[in-house]
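In what follows, chain A forms one complex with chain B and a second complex with chain C.
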Partner chain A sequence: MAPSQASYAPSLDNLIKSFNSQPLEASIESLIFLLKRRQVKGDECARATAHILRQVVAKSKWHDVDQLLSRVQSAGSRLVRAAPLEPVIGNIVRRVLGLIRDEASEDRNNADDVTSEAASDIQTLGPSAPPPLPRPVPVPIRPGPSAISAGMQVSKSMFNLLSVADPGDSPATGASTPLSQAQPASVHALRSEVMDGIEEILDEINQADDQIAGFSDIQIHPGDYVLAYQPTRSVERFLVKAASKRRFTVIIACLDSPNSGAAEPPYATLRKKLNTAGVNTINLVSNGLMAYIPRVNKVIFGAKAVYQNGGLLVDSGCCIAAQAAHEHLKPVIVLCPVYKFCPEDPSDEVSRGELGTPSSYVSYANGPGVDALEVENTVTDYIPPELVDVYLTNLGPQTRHHLASILADHYKTEDIGFSLQLGEP
Partner chain B sequence: MAGEGNGAPSGAPATQDGPKPKSTPPPANSTGTPTNTSPEKLTPAQLKAKAKAEKAARRAQVKEARAAAASPATPTQEKGAAGTDTKGGKGKGKQDVQQASNRPRPSVSGRRPSMPIVEKDARSGIPESFSHVPMAKRIPMSQAHKDVHPAVLAVGQQMATFALKDSISRLKATLLAFRKVIESYETPKGNSLSRHFVPHVLNPQIEYLTECRPMCFAMGNAIRLLKGKVNKFDIDTAEDEAKEGLLEWIDLLINERITLAEFSIARNAAQSIKEGDTILTYGRHRLVEKTLLEAKRNGKSFDVTIIDDPYERSGQELAKALRQAGIHVLYSPNLGGLRPKVAEASNVFLGGEAIFANGSLHAASGTADVAMAAMNAGVKVIVLCETINFDRDRVSVDALTYNEIDPERNTADCFRLLFDVTHDKYITGVITEFESGGGNSPAQAILALLRKQEDPLIA
Partner chain C sequence: MSKQGGKGGAAAGKARKPAKPGADEKREDALQAVILADSFQDRFKPFTLETPRCLLPLVNVPVIEYTLEFLASNGVQEVFIYCGAHSEKVEQYIQESSRWNPNSIISPFSSLEFIRVSDANSIGDFLRDLDKRSIIAGDFILVHGDIVSNIQLDAALAKHRARREANRDACMTIVLRSVGEQPHRAAKARGITPVFVVDPTTGRCLQYEETHPLQREHYVNLDPAVFTHGEFEIRTDLIDCGIDICTPDVLALWSESFDYELPRKNFLHGVLKDWELNGKMLYAEILDNGYAARASNLQMYDCISKDVLERWTLPFVPDSNLIHGQTYRRVKGGSYAEDHVVVERGAKVTQSAVGRGTTVKTGSLISGSVIGRRCKIGKDVRIENSYIWDYAVIGDGASVVHSVIAGSVVVGANCRIPEGSLISFNVHIDDRIQLPSKPPARISALTDDRQPAKSDVSLVGNGGKGALYQVAADDEESDDENGIKRDPAILQSSLIYSLEGLNLSTSSISTLAFEDDYDSDDGISVAGSFQGNAFGDTRDRLSSFASDDALKPDSFHNDAVNGLVDALRADNNADFDSAKLEFMGLRLANNASDSAMRRAIAVAFVRRAAELMKPEHGGLEPTKAAEKALTAKNGAVKFIKEVAVGGEEVAQQAEFGLALQKALSGVRNLEAGRAGALLAAMLQQLYSLDVLEEDGILAWWADKRAADSEEMNKLREKCRVLVEWLENADEEESSEEEDDEDEDDDEDDD
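Up next, the complex of A and B:
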């Protein structure tokens, strides 16, 4: 919900700023702390994860690709464990791992290609990052096709699996690839390239909302009644963008407890923006939505994550909207940037939903109530894929039948279960 | 009747209390004097001094009613107003004859000019797409039409303020108020009850009630039956006999269609609860509560999941009541996580306001979402509903056909409808007082049954 985002956003920004000055371990710990207290959630998890992994790449000690992978994996799995219901964290970790593998294999395969294009691409680096160097590295050439090298990487990570017990030390084993003998220069180059890659991921995260909003005039037609369920920032941007081109009506619904929005009606800023653009808004304060769906042309909400079967993790209540719209054959449009696609299936935990604080519904001042009630306030929902019509990503609209190709483009199979590969942090 | 004590929701029996010592009239009497003059000019010359005395009594009563409205309408004051009706009622009938000619629309003529502005304000915030939906409104008692019987006035106020909320308690209060209207009715000379009562006495009451809050379908049914009953009297029927018949009929209706119905529905539905079941329900509905408590009394052990509406929170009361009876209750304050919760339930029990001719259920907003989720999860959805709530004349395919706007949330900032419509494909069965248990007969079957036996006792 928008107001609370505003309240904790500065703390995250401060945290990200502090990453540069703090030791790595302290940064990770403070982020884990925020994650555990659910003070960083949703889209911000992605940003925070990317930032912290950038620090991991920049600051931690590593001498070869294996070590780097293992560092990222261990930091990543700690973050994932801190917030098990924020799959976005895992996605970013996987993206970074895939990035490292790509860079490493590029190094290996194109070792002759000394004039790496990366050197020219690099613009800014973190202060702790060494200046980018061209790579005059005589890495031993692996003569096989890339498929073989990929296979070797899989075996590498399995060796990592065995060397978990001592991840701090170099897990260099006899089976290590020639990269383990790589010179410091190569390490520097890899470091900078990986950090560039992470910057790109961050850019992607930051631009995703705008890119999605670019599709708004395709999806929203003049005169539509659009039901926006608990509009997230992406949805808000989408609607505001659409409002600049179309005249329609937005029905905003949310599941907030009546107490929490006492100060001002919820989504006041969004409504103001839309109203000035000439778009009517109606704030629904209603539990059920079936009554309004006949009036509505389409339902829009943002997802917290998209699983590989097409199922969604969403704020609780969205499921009601999706279900009601589905029954009335109204399209359900889900805004989900590509970085929210998880190469996983939803766990039981996900489909049961996360429990939030009951105190906004049953006050602790109400003694008999507290005694008598076993309150279950579910704050996340799982939406099965059948209920969703359009997945609107920053790469364009998708249907659930083609999600596999997106996943294949963005993740490496060996990284999918990364958090399981490492036991203890 | 076994359920007599059970049947009365808290607000309902206010009108039942007969003549009661008046609550002290608040000092705000002077505010009302302007409207008081209106009956004066209508008084024809041929009325004798006796009529004047009656008028004085009536005036005092109007003042009192107004005072009750001016201060926040507390039940005791309303009771006081209701209690006086037997005295004023006699004059009322006469007054009615005289006014019959110059009463184009009672709802308008009796108003103060300030009222329309207030009215407009209340509806002006409603978004255009929902502007056709009616809304309850509080009419100050002083602005009600003077033909409105004090007992009906009180009921109207209670409905407008949602002190009487669900269809059955509204129906019951209305019937009891009409009982008073009939008691105090006197057929004017040269008229007969069967011709005069409905157009000149009953209709203004109904109009007033409808203005306070759109009538529920049970009230519509009862009023239709009542009018039919009145029309059936032979034109020569003695007045006392007719009145007696009507009063008896109302008692019968209350007993059979409300009290007994509630009892037998609870009994039937309780039979369908099995040992170890998990029953899921939405909000708090009288019949569901009765059913669960009844099943517990029968010695069954089962769990209850209550899904609540955060804007009503009536489910909390239900949770407390059930917890006191020793039933394990899981309480969910909103519809979040509905699918997994519904999937774990063995039965879903829902109460309703009305069932339409196409079998769809008119019930508190959110019911349809619960029913739909349950049906999709393969869980039985059982609706408990008295047959008086079945409306055989209306068909509603979506919730915007017949609905009400929440009078407290009626602007674009904050908007809410009170009801939604559950399509009959989401309902496994309906339990009414007609059927013996099971809950497997669809609403359509009951409608057919109702059509067949328009109860010979009642109609």
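Up next, the complex of A and C:
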């Protein structure tokens, strides 16, 4: 007899599996409701957005770049509205939009004038350079294997933060391609290029944690006392990686949630992993945090998003840890992959924090007492930039003075306000 | 069962279009759900006169949206909706909804069907109908159309499946939420307390009872069988929100029990009690987290609305904007507002939700309330803990406290709407009206039979529209209950729970009376019935609670006779078998004796025959009437022969004769002469149908009891001719005659 296995509850994995069997609109709508029902949240959002936009590019009907852009924008803004407190979604949409613009401008450059190619390389940095509309007339393009271009552009430009004006940098591949192609072929080529580009964004998302963990031995020194506040998956990976090279002590601080009811103490698997690597761990509930801060060398936690002013969107409680560290002049290290950098300022709602269900703190059984109370359980915190010392991205550690250039590298100015462009549904 | 492959489950979870290749083989894996969108109660009246309960707005979202979203979040693929009242409105709503319309590609369900049952009077009728349709392939989720829940059922489903595979008789899992004795707010439906007796090791449910403050005895009788299970818990701290995971066997159980109406009070109670008969096991899955509640009455509506505003129901909160086109955002003061809400300076909105296009003028205070779309709230209005639906207008200076104001209501300036008022659709209340507070007013523009009500000027003012809503009293019920209303529904019919003015009994466990009741007529003791009180008390318990284990044989007699007479009266050519089945079921349920059965059958047939003799039913002659009563239905004769007489023995046949005679003597409005003629005709008919033999009739004739009173004697005398004829026939012993009779019989049977 078959084991009773099948989980019926919809999830992102099920959704991705079903892409081929259902129309695009249905997929988008399923994702929207997964987001609204919080069945996809946190780090999954970025992956989900990239997947769904890949479907938009692959399946929707479009004949030129403008149509493609508007398809992606409309799908993207629906996703953003579905989960206004998951800014990562907007970031991925902007990345994809930027990617499309890049690909399109390369193509057009090839068509118009090969020699002008170099001039448009830094298109993104000039706010006054909206890409000219592609002509409906047959545009010969480069169908070339530009798979690298989008992804490479990201990483390459990251390594050239201070030399963005270097003209020979990005689309070097474009030069050698044949020029005469018919329009359908151009659409076809653009489609596959953009899809490849999205694949690379996906790769970047998947690899970001490992890349960040690669910097762990630089950040953590032997004998350190590291306070990890509510370690997320990327923080866990970071600590485990560090444990393979260094001997230090980890203090795991977590919320004392009365209703967790789990059989295991929190983070049991992480502690097991660290202990086998020879790293001591200390478990701490958050109200004991202040007492340990003087002993701690650095505080580490993961961010849900980083805003352009350097402020952070984090799980609730992190702000206390950051503030405590700040008072004691201990460095605060925030792990945040580049795709979590938002080219916008925190909204009112963000700074107030998302509200969760009161049931994680008070129980129904508390009865009449709860009736008289108003229980607000904020599940996110906003951390002002001055409390953060190091932003450890997958491209290396940064300070907040460099955030602007990272943002400039990854997003095009015309896409920054994209979610505002579309009005009511 | 064994076909549920691991990958199939996941893939089938998303097969949208039934037409797609491969959809058929996956179908077995698709999770099915049945929504009961009508509860056959009237606790939301007068609002439900115009709108079905499941479309009433709960925090500005129709209640059924929560239910459908709950099912979608659990990966349900196929949904069947049973609607009762206003089914066309519910169907229209679904058709117009871009998300739920089954033809829409964005619908999360692969199919969504409405099932119409024209003659359903209870939830039981729905489920029996469902059984007949055999559209349920495997496990399914049974929910009500008014549930608000964020529970994830995966774990419960997996446990259910494991149990079912281990034992085919584990047919149902009830999902319950444990909340402690004093739950937050009124998380439990107040009034009726469900009592579950559960085996804590296996989760098996052993007994189910309900208690409410109005019942006379404040205790529950435990079934002695419970004690054989070793360990058990008796729990009253559970919210039962009506989520059941069922196998199709459950529907078969419903079909077997034709008289079950309610899923809990009747079905669960009955099935658990008759465990030895049906062998089915029911389990309770008790959860410690998650939110689940049913908006089953106004108090629960109030309570759930508050919970939604306070985010207990996450993700079903206003700013999730689950309905297409909603644009709620959190604003200051712990409130939610949609776009285009104008709150003037000086007005304050706290802990509330305000729908699109609503304007709140300066000086108004709104707290703990839900305001619909496009409402107009005037200056200096005070609204507390109230529910105001779309398009309502509240005039300047009015105050509304803990009330429900339905759509398009106009409340004039400086009105006072006190706690507990219910104002239904399209009512207008003139300026400066103070509504009564005790009892709170229920004002409707319609009467109970959906006719425009004549406006009550003294209540709503000269320019007003609407009248006090009167619940049409159910005559039959009030007869039964000796004028004292003891239905717990009364506790739940108002917005505010109050025991004030109700006559509560104060029994304690020490008044428990152990007194075996003997039925004088039949001499059967009802095992385990604790009935120290008068007969009226028993009826009372019957009407308020179906504790059919405590029935007296009298009620068996009444029910059985009524059932049989109804079957005999029925015009259709239906077989008598179903009536027989029903009768046998009743007999088993009541442990009735043979003599009680015999008496009931005799009375039923005699009553039918006597009825046929009346002018309004054709005024048949006794012989014709007897023939028609006995032979009109296929199988009726066989039924009498097998059940009522129950054997070839002379004594039993004589008993039945006696029973017929007694029954006839008890028939009113029938003069003795005609009654005697009818008795003779029936005996003769039964004789010629081979049910009674000469010896049997003669034994009856000789029985002293047949002549012990004057009346009986009169009847008996009329049969003298028949008896003499029989005696002669006996002497002649003519085989030819018997052959002839046999042939006659055959013709009769045809």
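One rule holds in what follows: the second predicted complex is superposed on the first by the 339 of 425 C-alpha atoms of A that agree within 3 Å, B and C clash if a C-alpha of one lies under 4 Å from a C-alpha of the other, contacts with A are read in each partner's own complex, and residues count from 1 in each chain.
Keep this in mind: a residue touches a chain if its C-beta (ideal position, glycine included) is under 8 Å from a C-beta of that chain, and two chains touch if they have at least 3 such contacts.
What you are looking at is a predicted structure, and each value in this text was computed from that prediction instead of being measured.
In the superposed model, A:211 makes contact with neither chain B nor chain C.
Of the two partner chains placed by superposition, only chain B is touched by A:255; chain C is not. In the superposed model, A:282 makes contact with chain B only, not with chain C. Once the two complexes are overlaid on the shared chain, A:38 sits against chain C while remaining clear of chain B. When the two complexes are overlaid on their common chain A, residue A:297 makes contact with neither chain B nor chain C. Within the superposed three-chain model, A:358 lies in touch with chain B and with chain C [touch as defined at top]. With both structures placed on the common chain, the touch criterion links A:375 to chain B and to chain C. In the superposed model, A:317 lies in contact with chain B only, and not with chain C.
With the contact threshold set out at the top, residues 352, 358, 362, 368, 374-377 of chain A are in contact with chain B in one structure and with chain C in the other. Across the complex, chain A is touched by residues 127, 129-130, 308-311, 313, 316, 319-320, 323-324, 328-341, 365-370, 372-373, 376, 398-400, 403, 409, 412-417, 419-422 of chain B. Within the complex formed with chain B, the chain A residues making contact are 225, 249, 255, 257-258, 265, 280-292, 294-295, 316-317, 319-320, 323-324, 327, 351-353, 358, 361-362, 368-369, 372-379, 381-382.
Looking at the complex, you find that chain C touches chain A at residues 1-6, 8-11, 13-17, 20, 29, 31, 69, 72-76, 99, 105-106, 108, 152-154, 157-158, 161-162, 165, 177, 179-185, 187, 237, 288-289, 291, 310-315, 320-322, 324-325, 327, 329-330, 334, 339, 351. Remark: chain A residues 1-10, 13-15, 17-18, 21-23, 25-26, 29-30, 33, 36-39, 81-82, 84, 259, 261, 349, 352, 355-359, 362-368, 370-371, 374-377, 424-425 touch chain C in the complex.
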